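Labels run A, B, C and D following the written order; every chain starts at residue 1.
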């Protein structure tokens, strides 16, 4: 059974770029993509409801419910480029579901004749990251050269465990269809929603799209993370000293 | 593979209201909905047999078996309103099954041009509830105003974990199709079949339907629950005193 | 994806009776049904290979493999009655699979215009059974009267946990299609392949079919079970006495 | 949802032989089949992407990703015989997936009018194997005679637990379609990638195909395994002596 699709509109787009920003490690991809989508004024045009999401609805502050979904948003003419954003609070909850959903969504995007795919994700390090790098994996070599100019780093055979979920499957399928596709991963501890890593992603995207956007909101949250990190470090250092005293 | 459907009849209905009363927390929704369906003389017209139910049959007192199913019952002209009840002893046993079943059932109801959806459920508190409230979540704001008049309470973003199963998915899908949909949840400890909470639901439904029905049977069972609750409380109080003595 | 079906032949049958004898508790149904099928000279005409069986092949003594399957066998003119046997070493390994397989198989049998369904199973008691009864559950009341004459016993609402798997689903679906259907369950401890209980089933089936068959082979294995049971009992009695002495 | 298939070419083949070499116990089948495919110069013509593989992509040394897949490779005119190799790093991750994938792949091969199926696997012993035998299981008796000449051994009802996965299902389905099919299993401890056992398989395949290929690379790795095995044995022997001293 295919997903249930509800179109708000069927926009007329010119070879749009698809940017995926679903939840994942440290919610880096979602945070970055949602921020960019809002900044460029993207508009929702399609909601996708699937058996591969939890069978539930969530009430908002007005007690108005919304069912779990993935959404496509569009914006036209960002420096002459049209963009589709894939947004949502869920990914498919089984591996079969991940594949089927990505395929359904890509089929829709293929009808819009997408010219490229960028998937956004986190690269989990398990330790605090001072200056998060943005790592990349590509469907074709030419992209490597292009994105290196934007500060993206490429580490051979990394991540070794592969890129799992929509961020992986979409660029994998993009490669099958010959669509230039890249996954951008912001380094993150993975322990919290990482606005700092998301900001690093946003900066790369701005270079790619040749736009400037106000990242003040992300910056403030990043600084909060820096303060928090510093306090954690200070606390750890102090305890370390006391420990020395205690055992000394 | 779709469900196996067996029609007893294909009634001619005029923009019926769909009321869902499948099992759930404290069986509040099932108890209330089944009671109402019997009270207004609803008649079964469709049985739905699905791979998403347990693959089994249950023998009755005559050793005549019945396979796990969901059923649609109808009643015409309840104060000029036709109603379809969704009844049964089972919900889909996987999340994919929940979604697929609700979609199949809603597709049938859409053919009957339903004018509204009310799903009935329990709101589990985990503690004994003296005066169970009826809480609501809606597909559109206008319903909130209407049902507030019937005594339904709306708590922002509540339940926070969402509404899971048929009670959630049906109003979620109702919203997609633009059908005014509400989930009514009777507060319940969730520890037993809660006739008292069900009675609270029935009272709201009677106001909505502008009917009066004899709730004596529910009342008697509610009073039994009250007596039981009182005894539990008395027992706890006594033990508490003894405990004080013990530690004093 | 439907099953893969391989026909050896497409027999011309006259309103055959379907007898299901797949594995289950104590393998009572399989033992009885396979014995009867051999005794009346049934011939395989269809093999059904499904994703719902384990994905494996088993080599025989000649190292020739066979893939997991369910099979339909037929025999014509057993006292003017045609019979289809549903045989095999497997049932579907998920609940969805159970339902889908039964439905596919029943669809085939419906094309043969079956006039009745008998499913064979075990009724697990968890204790040794001296004289296994044959219990029944029916799709319609008239069958109860008929089979009572053959010595089948009917216990209200029994088994309370329902009849699970092909033996249950097939009579459940039989009821939906208006085909007289009965499940016959031989009482069994469930601890071993129970030839004695199977013999009890075979005797009922012979009465129903008005045939006589040589049950000597089953009888011998039943007597072995009796001897074994007697020895277990003797051993337990002796230990009990010793225990009394020990603690006395 | 069927697999996503990407053809590099659609070769014109004459009743090819299908050789399956997917991963399994000790990776014996994969190692042997991949080695043979490279030795005879096979070329990839089809990639199969499925919901039954993990939903992920793996980056290579250039950060270019590839999605999990199974592949068909072909070679023409190996001593007048055309061959299709089924290669990959994955098998279906559920039992339903195993069956569906094998069926889809076999359907493709049936269009190429395959004349035979050889599946390659390991036969796990759980202990170190000095001289790995090659064991066989067949779809028809005639193959037993043929392969006995190539040194393959046939043990009645072995492996008793059956042959699981693609190596089993493909010869099972081959039998259904009347295609001569054999599974060749190299004995292996199963504790590591077993090049020695793979070499034994390759030798049998060379006899079957009447070809000679340079197995030097496999030989060297086999000798490393022999050295490793000898050291393990020496270490165990020494410890045994010490143990005797200790307890003596």
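Everything below uses one rule, namely that a contact is a pair of C-beta atoms (placed from the backbone, for glycine too) under 8 Å apart; a residue touches a chain by one contact, two chains touch by 3 or more.
The structure displayed is predicted, hence computed values, not measured ones.
Path length between chain B and chain D in the chain contact graph, taken as the least number of steps between touching chains: 2. Most remote chain with respect to chain A, judged by CA-atom centres, is C. Residue numbering shows that chain C and chain D use the same positions for less than half of their mutual interface. To overlay chain B on chain C by their CA atoms, one rotates by 90 degrees, a value rounded to a multiple of 5.
Chain centres here are Cα averages; for chain A and chain D they lie 39 Å apart.
Contact of a single residue of chain B with at least two other chains is seen at no position.
Chain-to-chain contact here is organised cyclically: the chains close a single ring, every chain touching exactly two others.
Interchain contacts (touch definition given at top) occur between A-B, A-D, B-C, C-D.
The touching residues of chain B, when paired with chain A in their complex, are 92, 95-96, 98-100, 102-103, 136-141, 144, 154-159, 162-165, 168-169, 171-173, 175-176, 183.
Listed in rising order, the residues of chain B touching chain C in the complex are 1, 4, 6, 47, 49-68, 93-94, 97.
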